[in-house]
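You will see chain A twice below: alongside chain B first, and alongside chain C after that.
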Partner chain A sequence: MIRQLLLVFLLLVATVLALGLGQASLGPEAVWQGLTGGDDAGALVVQILRGPRIATAILVGAAFGLSGAIFQTLLRNPLASPDVMGFSAGSGLAILGAVTVNLAVPMPIVACAGGLLTAAFVLVVARPAVGRTSLEGAPAVTIVLVGIGVGFTAAAFGSFLMTRLSGPEAAEAQRWLAGSLAARDWSDVLQLFGMVVVLVALLLLQVRNLRLLELGSELATGLGINVRKSRLGLSATAVLLAASAVAIAGPIAFVALMAPPLGARIARTTDAGGRMLASALTGALIVVLADLASRAMLPGLQLPIGVMTGILGAPYLLWLLSREIERGEL
Partner chain B sequence: MKTWIWLSLLLCAALWLSLFSGARSVPLHDAVQAFIAADSTNADHVALLYVRFPRVVAGLVCGAALGAAGMAMQVLTRNPLADPGILGVNAGAAFAVTIGALLAGRADGALLAFLAFPGAAVAAVAVFTLGGGLRGNASPVRLTLAGAALSALLISLVTALVLIRGESLEVVRFWVVGSLAEARTRPLLVMSATALAGGAILLAIATKLEALALGETLSRGLGTRPRQVQATVLLAVTLLTGAAVALAGPIAFLGLMVPPIARRITGASLRPGILASAMLGATVLLFADVAGRLLFSPSEIPAGIMTALIGGPVFVLIARRLSPGAIA
Partner chain C sequence: MSAFHLKAEALSVGYRDRPVLQNLTLDLPAGQSSAILGPNGCGKSTLLSTLARLLTPSRGKVLLGDIDVHCANSRQLSRRLAILPQFPVAPEGIRVGELVKRGRTPWRGFLSPWSSADSAACRNALDAVGMQELAERPLSELSGGQRQRAWLALVLAQDTPLLLLDEPTSFLDLPHQIDVLKLLRDRIEKTGTTVVSVLHDLNLAARFNDNLVLLGHAGLVAEGVPETVITPENLRKAFDLEARVIPDPVTDRPMVVPL
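Up next, the complex of A and B:
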């Protein structure tokens, strides 16, 4: 519990730093003034520019963190996450498609539909021809590999659609596809907050199932839950969490992959619920810090946040792989 | 013999289409004239000689190089998912060229293109080592994931570098997905020669590589030195991939989808397999380029996007067929 509080504290520090630093740096008192309703220039920076951006970062990070934690627990594989398995790319492709044909449907719905379709596709395609009745479904590595391929394909279709957009639109789409928190306002925050709250409530209802599933499908069946249904419910919740984050901030890579193991390590918790909380907090921390770095590291230039998380996350993935190989687990 | 005639015919068709289709249609008579007695005031001649011809040559060289490199990597790693794009070798080359351009502070000249080779070499060795290739137990999932992770890292870095230099979206796209549209500004002659050298090395080592594919112990018994063969094949792959990236950017999936077809046509023997793979690679890339040019003419879809559109599903098909035992 103390360690969870440590994560909360770290997130608070990161938030204050992120509110203060940027093209124009503000001191802590200026940030405080902004938060408590001042109306000078610094306060406006906090309230209108950085406030919504950082609130979005926290929510997006938490959603990705939760999504990754659910998949890694369900599939018992540290590589399982919506970004590696291509679900985020599917959501992103759906949005890009909707923009290209000027579809008048709210983007979160489009993203959710895209994510769910992609996930369903990956799970069905990965299912082995024999043993279709087994409770376990496809082996995790096959799902991950097929997911990577589907992600590649979705990304290719995305690039294809982008060539159909006009110059400025394409540049905007390119930034968004790399993941970007630029130009978020409070209405985005509210929308995302609503979706995350609903999905977290759904997740809370299913945490018991997740704990039982961790014991293995046979034992879980013995304890009276419908394994297939619970898996589907949890997977859908995880896909929707990732999709709602993608709808606002684009398919930011590697957050969902990194957050769960890092969170579990910092919080030193083994309980499923505790790990979810730690992963959400860590995800938020990663996105806030990566956003800060992408804004403030190079003066006069904003890199897409996905570029930052890619630079941080890919070495982590490589390290994870080499460790798994050492242990002979992969 | 019949298969070779068919392959040549297909390749010729691709060359023909790619030379003669496009926004400007040039009659055959004029085209022949352009090569025999070029008239620099004739717009058709200029377009053919200085725009389309380099593009066709680039497509031919790049496609053949990637096809051959893909075949070599799949045999070397015993991994049907191996491809210079998926394993990050393309991205390594692209990264080295973009970082060179950033350090040199100017748009990428011909000299900078040579950085593609050290970039490709480092990436190839890194992925091969990370995936457990040195210990001779590179599993498809390890190699693929190591490659995907390395590509993701390098592509993030390339995007960042290009954005730092304030380049346009077109330049980002060239260095991230690859295209033949820039062919006339790339060092065609040198890179073609390098790719040829790489191909020659590969053909020379092919029988030893075949022996290695039987397993290290067995290949030692047959008198090959595994490390030496591995190093030579990696050298050839580096030359081939580096040349391809220097000409057309990191074109993905060509080396993934062509070799299985080539194997099916030519059987188990590797040397004809490499040749067929090279021919098919060039054919597919040229067709992809023509399709990209014609689909929404006059605007163009980069060839790299077209190959990825076909290659992504092929990757999924191969991945799902691998039995879990073979993966892990």
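Up next, the complex of A and C:
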């Protein structure tokens, strides 16, 4: 518990830093004034420019962190996360498609539909061949590998769609696909907040199932839960969490992959509920810090946040892959 | 006829195109311990899994009292029937006490707080397996024998009148095997629990069980008290094993001496 508070504290520090630093740096005092309703130039930077951006970063990070933690617990595999398995890419492709044909449907709905369809497709392709027992479902590694393939396919379709767009539109789409928190306003924050609150409530109803599924499907059945329905419910919740984040900030890579193990390590918690909380906090921390770095590291240049998480995440993914191969799990 | 009398009626189970059990009818008396025996690959675990509703039969049914196990509400059943699979999965870093607590799931409502009955059941379960002192230890730090007892404590905490155990003694050395079997025997005598387990060791099975079910590759070979099941002829049929059967010098139960 104390360690969870440490994560909260780190997130607070990161938030204050992120509110203060940037092209125009503000002292802690100015940040405070901005938060408490001042109306000078510094306060406006906090209230209109950085505030919504950082609130978005926190929510996006928490949503990705939760999504990754659910998948990694369900599949017992550190590679399982919506970004690696292509679900985020599926949401992204759906949005790109909707933009290309000028579809008049709210983006979060498009993203959710795209994510769910992609997940369903991956599960159907990965479904076990003849002879396996009905309870177990496909092995995690198969799902992860099929997901990686589907993710690449979605990315390829995305590139194709982009050739249909005009120059400026394509540039905008490209920036969004890399993951971007630029130009978010409070209505974005509100929208995302609503979705995250609903999905977290749904998740809370299912944490108990997750704890039982951790014991394996046989024992979970023996303890009275419907394994298939529970898995489906949790997976859908995880897909939707990732999709809501993608709808607002684009498919930012590696946050969902890295947050759960990092969070579990910092919080030193083994309980499923505690790990979820730690992963949400760590996800938020990663996105806030990555956003800060992308704005403030190179003077005069704003990188898309996805570039920053990529710089952090790609080496981690490679390390993870080499470890899995060494252990003979891939 | 007890409400916890477990019966299989004309049961056929298979994995898609490969039938494993065909037309099997069994009667497992309540308040006794039954062991399922047979050569590797004859379908012992498949039978146990089907009895426990983990597998759905292609034909026939499993009755617990007069309830069809495969149609009943799973949560209701989880208060009557506990299953310990052969390879349960431990969440990383879990402590023995937390593990045992999960056995209380069937008895707890969604928001109901931890009750004194829950605590008592967990304490009794840990006591029964002699692990009260190890409750705070992570499962991964324990020896194989202790770990197996921790898993047993989980299903004991579930507090069901019927226990189905898939090879509860595998990977244990002889003294630990006897520990586990004695502990189950004790449970049966104290609480009238019905225990059905898959076992490998014929002599131990004959010694600690009231009732044996012997399967061969062609289906059921024999069922009944150890004396009628463990015979040279049945062993030949089930295992293709030539053996002499003598009464064991301590309990007079049948003992297999391979030739």
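One rule holds for everything that comes next: the second predicted complex is superposed on the first by the 318 of 330 C-alpha atoms of A that agree within 3 Å, B and C clash if a C-alpha of one lies under 4 Å from a C-alpha of the other, contacts with A are read in each partner's own complex, and residues count from 1 in each chain.
Just so it is clear, a contact is a pair of C-beta atoms (placed from the backbone, for glycine too) under 8 Å apart; a residue touches a chain by one contact, two chains touch by 3 or more.
Just so we're clear, the structure is a prediction, and the values are computed from it rather than from any experiment.
For chain A, the partner that touches more of its residues is B, with chain B and chain C as the two candidates.
Contacts of A:270 after superposition on the shared chain: chain C is touched, whereas chain B is not.
In the overlay built on the shared chain, the residue A:145 is in contact with chain B alone; chain C does not reach it. In the superposed pair of complexes, A:214 makes contact with chain C only, with no contact to chain B.
Judged by the touch definition given at the top, the superposed model places A:311 against chain B, while chain C stays out of reach.
Comparing which residues of chain A touch chain B with which touch chain C, the overlap is empty.
Residues 15-18, 49, 52-56, 74-79, 81-85, 87-95, 98, 102-103, 105-106, 110, 154-155, 158 of chain C are the ones touching chain A in the complex.
Contacts from chain A toward chain C in the complex involve residues 76, 130-135, 205, 208, 211-212, 214-216, 218-219, 221-226, 270-272.
Interface of chain B with chain A (complex): residues 81, 86, 130, 132, 139-142, 144-146, 148-150, 152-153, 155-157, 159-160, 163-164, 169, 172-173, 177, 252-253, 296, 299-302, 305, 308-309, 311-313, 315-316, 319-320, 322, 324, 327-328.
In the complex of the two chains, the chain A residues touching chain B come out as 79, 125-126, 128, 139, 141-142, 144-146, 148-150, 152-157, 159-160, 163-164, 167, 170-171, 174, 178, 253-254, 298, 301, 303-304, 306-308, 310-311, 313-315, 317-318, 321-322, 325, 330.
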